[in-house]
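I'd like to ask you about the structure that follows.
The chains carry the letters A, B and C, assigned in the order they are written, with residues numbered from 1 in each.
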Amino acid sequence: MGSITLDHVNKSFGVHQVIPDASLEVADGEFVVFVGPSGCGKSTLLRLIAGLEDVTSGVIRLNGEDVTEKGPAHRGLAMVFQSYALYPHMSVRDNIAFPLKMAKLDKAAIDGKVAEAARILNLNDYLDRKPRALSGGQRQRVAIGRAIVREPKAFLFDEPLSNLDAALRVNMRLEITELHQQLKTTMVYVTHDQVEAMTMADRIVVLNAGNIEQFGTPMELYRNPANRFVAGFIGSPKMNFVDGAEAQKHGAFAIGVRPEHISVSTTEGLWKAKVTVAEHLGSDTFLHVAVDGLGTMTVRAEGEKLLNHGDPIWLTPDPARIYRFDKDGRAVAAH
Amino acid sequence: MATKQAQTIAKWALIPSVATLAAWAFIPLALTFYFAFLRYNLQDPDNTGWAGLSNFYYFFKDPFFLKDLINTLMLVVGVIVTTVVGGTFLALLLDQPFWGRGIVRLMVISPFFIMPTVSSLVWKNLIMHPVFGLFAEIQRVFGFAPLDWFGRLPLFSVGVIVSWQWLPYASLILLTALQSLDEEQKDAASMDGANPLNYFRFIVLPHLARPITVVILIETIFILNVFAEIKVTSVGGFAGNLTYLVFSQLNDANDVGMAAAGGLVAVVLANFVSAFLVRLVGRNLEN
Amino acid sequence: MARRQSTRRTLLLTLLGWTLGILLFFPIFWTLVASLKTESDAYTLPQNFLTTPWTLENFGIVQERSDYVRYVVNTGLIVILSTALALVLAVPAAWSLAFAPVDKPTSRLNGWTWLAIMLSAAGACFIVLYVNDWKVSNFFIGLALLLLVVIPATIWVWTRNTPGTLLWMLSTKMMPPAGALIPIYLIFNRNGLVFRDWGVFDLREFNLMDSLWGMVPLMTMLNLPIFIWMLFTYFKEIPLAILEAARMDGALFWNELTRVLMPMALPGIASTCLLNLILTWNEAFWSLNLTNKYAAPLSFFISEYSSPEGQFWAKLSAASVMAITPILIIGWFSQKQLVRGLTFGAVK
């Protein structure tokens, strides 16, 4: 009961067109991530769905119903903000109860739902505290609790993990994914971090300057990027790109190959290179190399390989994993 | 940018205030305009009709008009100069650490909160009274004959009262501005070898330019229209200003037409002065 | 302070500071002293400062002779009611300006067109009146003429952009009261002529002069610009995201305002009310002109001492002490609010 449809949605701020023409369909119960670099319009798209911004043209449908003209209070959605936006003058309990009070539920029902949300999110010890007495992770859970309690048609997350430290971020990522499996409600999640996108999403929308570059499952995006932008955005470390004569040898304007698809040898290979920086992570080693005539690249090698600055090496890309792009950046004849 | 819905609500939320202020701004002014061209004296209320420019003519011809106009301007200029110079000095002083600074600050800002009727009567009677007042006593101690302040120097005396009231305002504003001056600038300046005078001239003064502008603007708005201090000390005949003249036309002469004409003159004067000020210090204004 | 300054310098500054402070505060102190002396002793200050007895009798006398309490009650009512009314008007207005600002004027007519419209409206009024020998003989004609001026002006204001609206509000505060004295006085005084035989109703039946019904709305209108400006600056400091969260939570305008915005902005609202309290309490121009006995606030009451009979200094001092003390103390605690309010946010 939480399908979201965007039909030729266009958003301009004055003369500045932020989102030219967006159409997509989120199925009920899906976890969809909007991902892209800063300023690509992902938050704007989310706010259009939420009703916090007006569309310049186009239609937004929730469960088939046209909600384009409806205000945010009437769309039955819940949003978790980047800054959590908790009500500072209310206790955690009142924060979570607020949407229920707005829906005019009676006290018993409110208390019941608040207790349930507190149980799910482990907030029972904090119910009477004010937001300023909570840590970042706790505040985030309160924000999620406030969203859950409304039993919305869909959840909207606006970069909720950006303000947390790295370790907490990993934990919360798991918690949100588990929450999704438990509630089975549609979730639309905005982030600039492609790792979050890849690990959490059922499907990913990659945005660039307001345009939807590709909409597919994480593996689809990884294996079959539609264009150079998606290829370079998904996957860490980034894909290596080569244009010029070497690319034409493979029949394309530019080619790309991922660091993990290049084999490294000290004796022989297709490309001769010199190691500039070696990053030893233990499980992997990432070598930043300068390839003769082709520029810099990143290559993944086994963790045990001890190569250092200045060492000469030979690289051989896996021919089955070379991506070809035409002069407009579109992928050509995917492997 | 807010949604259309929010903007619609916002428009309606704004209407009551805008309507009230519009009524306050336009209706009295329109009516004053009406009365200024009307021949209407409260002592002879049925004899009314178009008066042409005669109200203005007689208002300008009034022997008090020129004097009061000059008084108005002198009062404004005098008080502003006194308060800005004095306020800058006091602000600089209060910015330095010394013992009991907090209490001194409270003492310095107190006069601003005293209602004008109280300050006028206290100054006129308890302090400036030629026989029993404090100043009289001080003068006697030093061997001088006491001066009748309000009798001999009425405008100056009123100026003293108004300056006393507004000096705290200027000091407070300038002190607040001074305290926002970056501590690091002071250190950088001293490392650059700037002595206190240069520091004041090249760093402090430019920083204070904007607050001083605001102080001058706000004070002008209020001091152009000083009234209580003049009426309550009964010096309207000698040291009246334009506002008092309008009042006395209404109150003493009961001449509504002339008073209204005077009111329009006051409005025109206020506009002139503000425009002049805005042009003079335009760059510094936030607005 | 980065460096410790020499003790000698501190000593000099202390001396200078205290001297100036005492000098400035002295009139207030002197008033307090005079209020605590008998009437005849008050006239022999300062040489008998320490020798004459101290007494509290003046405070009692003032209350007995002139029912001081009534003036306090009047002042209190005027202040409280006008502040409440201003709050009701200003909070939605400030909300609107802070959270739903308009960047460009929303009217399709530009400035010059509006000026032409208003000038022609004014001109039309002028001609109609002139032809009538400048008499407004009929209620409806009077009303029509007035509306002819007020309606285009209101629409012009309403379609301004946010900075324009704010500036306009500031400019209404700049209007000299002398320009409004005549009509306000006549309206309040139930004075006929314009407002006499209107057929429909006789304005003389409405008593605004010397009444709270007149003073409270007047004070509200006087202080509304500062009220809105101050609230505007405080509202701008509240993160929009929290209001948006409230909207997502199903809060409509009224709930957003009362359950989320106002509790969060409470310190700012309190500060604004405080400043308003000070300004209204001390207001003198309109209080002196439009009140006499029934609605007279303290500023008017004190002014009565300008031409009394006999000796009056001690009583004047006692009345003054009672009138100024609350505001003085409040003022000591509201310096920040004063700076923000009386510089229209230009200095923080």
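Observations on the structure shown:
Criterion: a residue touches a chain if its C-beta (ideal position, glycine included) is under 8 Å from a C-beta of that chain, and two chains touch if they have at least 3 such contacts.
Owing to the predicted nature of the structure, the values given are computational and were not obtained by experimental measurement.
Comparing the CA-atom centres of all chains against that of chain C, the greatest distance is found for A. More contacting C-beta pairs link the chains of B-C than the other of the two pairs B-C and A-B. Computed centre separation for the pair chain A/chain C is 54 angstrom, with centres defined by C-alpha atoms. Taking each chain's centre as the average of its CA atoms, chain B and chain C sit 15 Å apart. The mean-CA centres of chain A and chain B are about 60 angstrom from one another, to the nearest whole unit. Residue positions 51-52, 71 of chain A each touch two or more of the other chains. Contact residues on chain B toward chain C in their complex (touch as defined above): 2, 6-7, 9-11, 13-32, 34-35, 37-38, 40, 42, 45, 48-51, 90, 93-94, 96-101, 103-123, 125-127, 132, 134, 137, 164, 167-169, 172-173, 176-177, 180, 183, 186-187, 210-211, 214-215, 218, 221, 224-225, 227-228, 231-234, 242-243, 246-247, 250, 256, 259-260, 262-264, 266-267, 269-270, 274, 286-287.
Residue ranges of chain A in contact with chain B, taken from their complex: 13, 51-54, 71. Residues 1, 3-5 of chain B touch chain A in their complex. Considering their complex, residues 239, 241-242, 244-252, 255, 259-260, 263-264, 266 of chain C touch chain A. In the complex of the two chains, the chain C residues touching chain B come out as 1-2, 5, 10, 13-14, 16-18, 20-22, 24-25, 27-28, 30-31, 34, 43-47, 89-90, 92-93, 95-97, 99-102, 129-130, 133-136, 146, 149-150, 153-154, 157-158, 163, 165, 167-186, 191-194, 220-222, 224-225, 228, 253, 278, 281-282, 284-285, 288-289, 298-300, 302-303, 305-307, 313, 316-317, 320, 323-324, 327-328, 330-332, 335, 338-339, 342-344, 346-348.
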